[in-house]
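Right after this note come the structures.
Two complexes follow with chain A in common, the first pairing it with chain B and the second with chain C.
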Partner chain A sequence: MTLFNILMIAVACLLGVGLYGLLITRNLIKIVVVLQLLVKSVVLAFVLAGKVSGHPGIGESVAATVIVADTIVAVVALALAVQVRIRFGTLDIPKISSLRG
Partner chain B sequence: MNIPMFTLLVGIPLVSSPVVYLFGRLTTRAQVLTRQGWIVRFLALLAVAATWFPFVNLWLEFQAGGRRMFFNIESIWLQMDGISFLLAAMVLTLGTLAILFSGRYMAGDFGEEKYYAMLLAMIGLMIGLGCANDLFNLWVWFEAMAVSSYLLVAFYREQPGSLEAGMKYVVQSAVGSALALLGVALVLAQTGTLDMDQIRLMVGTMELNQVGLLAAGALFFIGFGVKVAMVPLHTWLPDAHSQAPSGISAMLSGVVIEAGLVAMLRALSTLTGYSLSWGWLLLAFGALNMLYGNLLALQQTQVKRMLAFSSLSHIGYILMGLGIALVSGQPAGAQGASFHLFTHMLMKGLAFLAVGAVMYALFHEQGIHRPLVAHDLNGISTRYPWVALSLSIALLALGGLPPLAGFMSKWQIFVAGFQSGDGWLMGFVVFAAVNSVISLAYYAPLVNRMYRRVTARSVKKGSASISWTLQLPLLLMALAVVVLGLFPSLMNWLTEPAGAALMSIFK
Partner chain C sequence: MEIAPYVLLSLGAVFCAYKAVRSPRLLASALYLAVVSALVSVMLFLLGATEVAVIELSVGAGLVTVLLVYALSVVGEDAQDPPSFIPKPLAFVLAAAAAGLVGWMTLPILPLPQATRDLLLVDVLWKQRALDVWIQIALIFSGVLGILGLLTESQTVKEDEIEPEALESVSAVIAHQEAGLHKPDLAPEAEVRP
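And then the complex of A and B:
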């Protein structure tokens, strides 16, 4: 078992957990957490891609940038979740859907 | 100090965004009771008007010189080709008009300065998106644009509907961009570079892992497809477009989904060496979008929601024009699609802004917050004749009635399909023409309501007249829709290079 294989399995697992989590999660805060897991698998994939292709510098610098960009999305999503909690009194998705069609 | 024109083009809106916000905050703090909103409005308008200056300069340079220009901001290289200019022109046109319109529409709303700051940032980021020259750079512009649009969709944060729409939009869009990013990682693993030209070259000439490239293409398609609202991935669109402030609805429908399309095309174009069948995929999704968008639009009672579904069907026409170009290898389809991108921006922008003007007069001025349903349009021509006229022009143009702009751009796409001589492509064109007729079934009744029905009670309660600052952008756009319908070749200066650029990246 080389480091490469371990990383590969980690990417696949995180991606699987992220996608599965999106399907079953109903709480807004948990959805933000699941989204983070999904993106972290992509970050790991970039580090791996840099290693595989022989340009580790590119992969790692991209990974660092993605962490920043992704944090901003998480902050925005959490801010919205706070507003949802204030206005609707719940974070449960089925209870806040009013728009149809 | 000599600042390059390109830096100005992207820099003016991006730098003015925090400046506008700060000015808004400072003037509000100074006089708590009398908000100095006009400073913010004026600064925002000034910033977007100033951005036209580098655009025109760059355009002259582009026309005089070669076909592609490269620029750098420090070590990041960006390009300007026909597609970048098309997107920049669309963003600036609609951005200027939307800011002009919002001046009165958003006046006195809580957090007005944030609205303009985010709108300016979105304008700058979309111009940058069109100029990206490497895959990761493209993703960063895309993501930043998405973040600014999340905040604008959920702008009325005290409204449950807009919060819900914003949340849906954030979650779906974030999953989409994560998947697209995974595609970028796969391409990087195969080629060791992120530069789009180099990747295109390597995919065409080297022996690479075919499964990896196929997966990357699929991830680009799905990931960016969320933003383009291709049909199974569209569910955020009707909510977001109908719940956002009207100026933002116009921007979202007129340029943001198109910017997503540009990102998708740029990313997919790097993989053309692997397969040329992306064209058929675009055709299939185009047909699906048209049919689904039209059928759902027929059922809507809320006007803005109906317009949102009609955006789905118009994205369908654009995808079909691009598909025809890729399958037949002729630039005519790509040029038609570029023209439809531009006319759709005008028509849909006009429709959303006109509906916004009606909503302002009927509800906002009375302090009511509720969606505009079709019934509220009954007889508005008697009270607001100019708004009714421009909304009618927009709706009939969207339905493709000659001699309006929407007819001409659809016509270009249809002609491109027939000229290819391919039986399948002709079949798709016939399908699109049938859809165009179906769409009149929901546009025409609204025109009928405005002119021939007895005035609704909600209209009688509305304010007596609509301010000229709201009507001026509407009349300008209505004029443009009519003029472009009579003289479609007026836009060739923009659509021809865009079509040629699309064909050259997909070669």
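And then the complex of A and C:
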């Protein structure tokens, strides 16, 4: 088994764990954590794809872009989560979605 | 190439990711996420992507963890993850199917024989993808606005937490001071000598 196969299995496992967490999570801040986990696997996959295809610079630049965008998503999502906690008093998504007005 | 460090790092990253997902306390989840980020950055460094590894370590394990801990300190006591509505076996099957599909599509890919470093990251970023760099700068500004929103909301929480009785007592103290009932030794400015 080559290095590429091992790292691709790791990427698939991280992706699976992230998707599992996304399905079972109800807390808004926990969703941010799980999204970060998913992006870690995607960054690893981009760098690996660049290395395998013979153009590592392109893969690394795309990975850097993904890291920046994901960090901004986390910051804005955390600000929204704090605001939701202040307005509605909870971070549980079903309780938030059942509120009206 | 030696593959044993990659195996150990991958196993550690997947284990910490699982613990981050299953941990009922959000602070523990945030710390496990930082460990996953550090392990992934070590893997990136070993793969030769040193710049991305540095960015991942400083941003993923540093900045995001600090922001998560700060948000948890603002949110306070309900930093617990309630049980899910979706049955966990069903979620496990769906996630395993998606991961298996990714593995089935990517594992048969064979690396090219010559993986030369023909283009450096700096060249790609500033010559081929200069527009993306400017978009990233705009994104960073929006992130700064998000951080300002986070800080502003936390101050709003502190203002909302003031009880009406406390406000009444404060207003009573102010009324006493305006009536000249405060002690003269509480004003040390008058006694300061050069």
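Note that the second predicted complex is superposed on the first by the 95 of 101 C-alpha atoms of A that agree within 3 Å, B and C clash if a C-alpha of one lies under 4 Å from a C-alpha of the other, contacts with A are read in each partner's own complex, and residues count from 1 in each chain.
Assume a contact is a pair of C-beta atoms (placed from the backbone, for glycine too) under 8 Å apart; a residue touches a chain by one contact, two chains touch by 3 or more.
Because the structure is a prediction, the values reported are computed rather than measured.
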Per-residue touch tally on chain A - higher for chain B or for chain C: C
Which superposed partner A:76 touches (first chain B, second chain C, both, neither): both
Which of chain B and chain C A:54 touches, first, second, both or neither: both
First, second, both or neither for A:65, with chain B first and chain C second: both
Partner chain(s) touched by A:7 [first = chain B, second = chain C, both, neither]: second
Which superposed partner A:88 touches (first chain B, second chain C, both, neither): first
Chain B versus chain C as contact partner of A:35, first or second or both or neither: first
Chain A residues contacted in one complex by chain B, in the other by chain C: 15, 18, 45, 48, 50, 52-55, 58-59, 65, 69, 72, 76, 81, 83
Contacting residues of chain B [partner chain A, same complex]: 136, 140, 143-144, 146-147, 150-151, 154, 157-158, 160-161, 163-167, 170-171, 174-175, 178, 181-182, 184-186, 188-194, 238-239, 242-243, 296, 299-300, 305
Chain A residues within the chain C interface of the complex: 1-21, 23-27, 29-30, 32-34, 36-37, 40, 43-45, 47-48, 50-61, 63-65, 67-69, 71-72, 74-76, 78-79, 81-83, 85-86, 90-92, 94
List of chain A residues in touch with chain B within their complex: 15, 18, 22, 28, 31, 35, 38-39, 41-42, 45-46, 48-50, 52-55, 58-59, 62, 65-66, 69, 72-73, 76-77, 80-81, 83-84, 87-88, 96-99, 101
In the complex, chain C residues that touch chain A: 1, 3, 6-7, 10, 13-14, 17-18, 20-21, 26, 29-30, 33, 36-37, 40, 43-44, 47-49, 51-52, 55-56, 59-60, 63-64, 67-68, 71-72, 74-75, 78-86, 88, 91-92, 94-96, 98-100, 102-103, 106-107, 109, 111-112, 114-121, 123-125, 128-129, 132, 136, 139-140, 142-143, 146-147, 149-150, 153-154, 156-157, 160
